Amino acid sequence: MELRKNYFADQRKDDLHEIGQPRPRSDSPGHVTGKTAYFADRNFPGMLHLKMVRSPHHHARIRSIDTSEAEKHPGVVNILTAKDVPHNVYTILILIQIGPEDETVLADGKVRWKGEAVVAVLAETERAAQEAAAKVKVDYEVLPAVFDMEEALKPGAPIVNEYHGQNHYLYDSGECRKVRFGDVEAGFAGADHILEQTYQSSPIEHAPTETTGCIVAPEGNDRFTCYTNTQAMFFTLDNASIILQMPGNKLHFVGGTVGGGFGGKVDVIVEPIAILGAKLTGRPVSFIYSREEEMQISSPRAAEKVVIKDGVMKDGRIVARKVTGYTDAGAYSRHSPYGAQKGAGHYPGPYTIPNVWIDTYCVYTNRTPSSAMRGFGVTIGDFALEVQMDKLARLIGMDPLEFRFVNAYRDGDMKAHRQPTEGAALIECMQEASRAANWPVAEKYMAMSSYAKGA
Amino acid sequence: MAIRRGRGVAAINYPTGMNLGGDPTQALVHSTPTGNFMVTLSSVDLGQGMKQIMAQICAETIGVPTDRVVVDTADTDTGPHCMGTFASRGTHRAGNAVIQAAKEARQVMLEVAAEELEVNASDLETDGQGNILVKGAPQKSISIFDVALSAHFKRGRSISGRGMFLIPRSYPEKETGAMKPSTCYAHACTVAEVEVDDETGEVTVLTVKNVFEIGRALNPKMVEQQLVGGSWMGISHALYETTEPYYPNRDHGGTDFNQYLMPGPGDLAETQIIVLERPSADGPFGAKGPGEMCANPQIPAVANAVFDAVGVRIDTLPITPERILRALKAQAPN
Amino acid sequence: MALALQTFSTVKDANAALKATGTRYLGGGTLVVRAANEGDVSISSFVRSTEPSQSAITVSGGTVRIGASVTMAAIARHPDLGTLTRAARAVGGPAIRNMATVGGNLFAPTPYGDFTVALLALDATVSTDGGDLPIETFLAKRDGSHAIVTSVGFALPPQGGFRFLKVSRIKPKGISVLSIAAVLEQAADGTVSAARIALGCMADRPMRAKAAEKALLGRKLTSDGIAPALAVASEGTSPTTDPIASAWYRAQVLPVHLGRLLLGQVAGMETKA
Amino acid sequence: MAKVPVQFTLNGAEKAEFIDSGTTLLHALRDKIGDTSPKGGCHQGTCGACSVIIDGELRLSCLTLAETCNGAAITTTSGLSEGGVLHPLQRAFLDAFATQCGFCTPGMIMAAKVLLDHTPNPSRDEVVEALSGNICRCTGYEPIIQAVLTAARSNSQNAA
């Protein structure tokens, strides 16, 4: 890595003692000796293992659940269904007043994605829990499922999630989060070229080497300690408190040493049910995702569809940009309404465009609920924006890097979401990339600065 | 068979934090009797090294070497609230809270030192090595070790501080979308160079040259860790990763590390990392959040490089050999 | 039923134990222990045999016999089996190769079983307590086979006469897009006098590319010479679709990779050695 | 449930336990013996986090039944540093900033140790091959490869 101290030297003092120093990480000696304690590096006497019975169907009504054979299985201590969960219908962003509650801890009457948790089995060993789980009988009536976002948004599509009533999240602004800036149609009308393109992604897994999980131990005083690899301690504690209808002072969360997260461990999935298991049995409970569960059951990064329509002038100026973004939330909201909204705030990218129209939708389909991941709400949008930029440059016969200089935002430029640009550095990054990659651009671009024009 | 070469560029920015939800983190700092400092948090270290960075931030602020700071996190019985580790917020939000707490503790520390040295606290400075000196008269000094002992056993003072950093929630305006989604932005530009096998659609990323502007590299080696790993993940996203390879068809989702594809150690691009620092107005020592954005620009840069190489646009991620081959076959045969 | 391991000193006794329901033969563990870990409750007992002959490699008079318990790593480092190093190293990473056995590989479902593709091209004989079977017959019947495989035997191909290629997305260790093994004999003028070509991932188990084999006879290994073979390479295949690649893709690139293998254009390929 | 005896040496120390038949070595080490340095990242043999060295060979403890290790000599990452002095590989991983979350690190170090035990001066390709069964999601592998190459160099210098 090379630090280029010549840029922005006037804005920075480099006289610090500890900051800017490549100090060795205090946790590394534990990592290299195998002594770092992750949540699962604990073993409590009498610890039970929790295994989920999961839906084999993408969308189905549950006619009945029969746990009688499973209960008799040797080693089984308890079996939990929806009726055992005090506040079974929840949504995690309720903590910041983003509702409605739309997801079940354990399925109640219906499953909305293949892999949805239906019954929790608590047993003396993992093996006994697996065997008993195989003996739980669930009678399903399979329902039509919808996987394609366009299909889901059509009238008459199967309704994925009745708590929403339609297959998209309803913002206070309506069916989508909107950004309106300038007059996009006038911009298109005056443009030399129009280019409309569609970009698509599919779900992406965080794939941390340590799977999601927790171990819950009763403290013996009606308090429960939850050793967890959550990325957000109080967020998880507070949601568990709501789901379990237990005061927060009964819950004690210990974590902070995590084997990789990347956004995959903020969904509050394993902790509430494990605490409930510990509460009902009085014994420590371990609930750790298998790798298969981590890959297909834990929330992935959402699939997105992004439609970008641009008006561009022959001289390289983008004069109008309309973006319609669709986030495939899967069957439940989790963090997706936030991500789609974050996307609205991110478009049209780091460029100054006078006329902008953004609509971002959070769409429900019968697939694994998606959620946050590294670059949430932005990563796929950036893919779409920056491929579009390449196409626009080629459309008008301009060098793709120079084309970005023409449109790059600078301090003081008004963004589409009506915040003035501060602290911009896109131009300098591109100048340095031009040098590093031996990708020359015209001298006037190398002379540009992110500082406000005329400043 | 033809191996065809191309290059592509992408430039991006990235918002720090989750302003649209409201974004608080708290921290507590106190000294031990011998002048070591405890930072108490409920923030989570995912492996990115938050504990180390918080220690360096506290040390810088108090004026002691980093190894005299211990970070205690994340226990909800002891650590004050943190929203969580996501949205590139950890260093920025928790770092600001630690600075505030450390400043308050430092002030008490200087007051105790002032009493011991019989000077005004405002006349004192730290040397970063664990000593407090009188400005302009450095021979008049006291060690932080002695100050802490005095505070605990002689003067009955608690060298401690509370820190709170809150970005109030921004509510998007319904019709215009006016909002403040971030307080500061990191930036990046990547140039990727690829080879594409036009008979199989296989892509080899030869080089990625990444320039990142991250506000301030609080620990350059740890920044490098993030950026190198992130650059790898960006390439991985571009060419390999999906839990639903035939999306929106739900079949054939991978269930293990053999089926869920990520570049192996034999697939690595030659990776260059260049870092610029334009300090953010509200970041701890100017830092922004580099953890997420470092994995973004490689994706479009690789996509654009593939086009440059073989003249087909793959607008669907991941850019698999199959998608490239289908597009090549769909091209006019001439 | 809790899991259990039963160890026997002879294949005969192990075979007898395998008659009980819920039993699975334990080779290197890479398939059956994994299945049990993943919650396959149909497995209640692992059975293994420690009969020494299953761990032996013998090479004599141009004939090779490899015990079923021999690992991929043992094959890869055996001084007389240099021909097979590439195929043995195509399986897993280093740890897997220290565990995965020849016997297990014969049962590995697509896209695994790359070493078996090599054995199929070598026209190996698969031996069990109950007798010997040509590998092609064995593979066709393997789903119903309960007899423990004791060894595989084959004639060492002539110098430079064996070629192997595994195509994967991830390097150096990835599972197969496809794998190809070929045993070729060439006359003095370079024309192919005998050919056996085996394919992995082009069906639910390794298969022979017989049309391509036939089309190679009497042809030289040049672009023009192999063209008829490539044109029929996909005959009889029903490639698998999985997270790695679709059937369409596998079918499209099979002739490409077969052509490269036949022309010696594969990186690191030793066509002489 | 039938308990069976297992006896082996772990990092040079004799260990004897009664375990449930069919228990994997990974569970036996972590839950019975208390050596949690091998990690359970997949229990499928696809991540390498549970890698240990058995009689000089790299093996996956998640797919190895403990009973099959009777009489074996087992090495784990927790046994590499002696008297508080880090093994050269551990030192090199620290110096190269080759750990982030650390979960893959013990397995990586096992894979690297076996390589260096057999090939003291490996090429980059040999290092890549040796690490190929171990997944890292944080680092992009390059710092790990560099750490192993550095450890090899420091070994050969010490030997010279």
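For clarity, chains are labelled A, B, C and D in written order, and residue numbers in each chain start from 1.
The criterion applied here is as follows: contacts are C-beta pairs under 8 Å (C-beta built on N, C-alpha and C of every residue); 3 or more make two chains touch, one makes a residue touch a chain.
Each chain and its UniProt protein: A, B = Xanthine dehydrogenase family protein molybdopterin-binding subunit; C = Oxidoreductase; D = Ferredoxin.
From a predicted model like this one, the values you see are computed outputs, not experimental measurements.
A comparison of C-alpha centroids places A closest to the centre of the full protein. The chain pair B-D and the chain pair A-C differ in C-beta contact count, and the higher one is B-D.
Taking each chain's centre as the average of its CA atoms, subunit B and subunit D sit 30 Å apart. Note on chain placement: the centre of subunit A and the centre of subunit C lie 42 Å apart, centres being C-alpha means.
Look at where the CA atoms of subunit B average out and do the same for subunit C: the two points lie 47 Å apart.
For this pair, subunit A with subunit D, the centres built from the Cα atoms lie 33 Å apart.
Residue positions of subunit C touching 2 or more other chains, listed in rising order: 2-3, 38, 171-173. Among the residues of subunit A, those touching two or more other chains are numbered 25, 27, 125, 207, 258-260, 262, 290-292.
The residues of subunit B that reach two or more other chains are 46-47, 49, 221-222, 224, 228, 230, 233, 245, 253-254, 256-260, 262, 264-266, listed in rising order. Because contacts link each chain to all the remaining chains, their graph is best described as complete. Taken in their complex, subunit D has these residues touching subunit A: 20, 30-31, 34-44, 46-47, 49, 76-78, 80-81, 86, 89-90, 93-94, 97, 99-106, 109, 135-138.
Subunit A makes touch with subunit B in their complex at residues 1-5, 7-8, 11-12, 16-23, 25-27, 58, 93, 96, 98, 114, 147-149, 172-173, 177-181, 197-205, 207, 230-235, 237, 251-263, 265-266, 291-292, 295-296, 300, 303, 338, 341-342, 344-346, 349-350, 358, 365, 367-368, 372, 374-376, 378-380, 382-387, 389-391, 400-401, 404, 408-409, 416-419, 422-426, 428-430, 432-433, 436-437, 439, 450. Across the complex, subunit A is touched by residues 7-15, 18, 20-22, 42-47, 49, 51-52, 55-57, 59-60, 63, 65-66, 71, 73-77, 79, 81-87, 128, 169, 172, 174-182, 184-185, 187-191, 209, 211-213, 215-224, 227-228, 230, 233, 237-238, 241-245, 247-250, 253-257, 259-260, 262, 272-281, 285-286, 291-293, 295-297, 299-301, 303-304, 307, 313, 315-318 of subunit B. Only residues 1-2, 4, 20-24, 43-45, 48, 51, 57-60, 62-65, 67-68, 111, 114-115, 128-130, 132-134 of subunit D touch subunit C when the two sit together in their complex.
The touching residues of subunit D, when paired with subunit B in their complex, are 42, 44, 46-47, 97, 100-103, 125, 127-129, 131-132, 135, 137-145.
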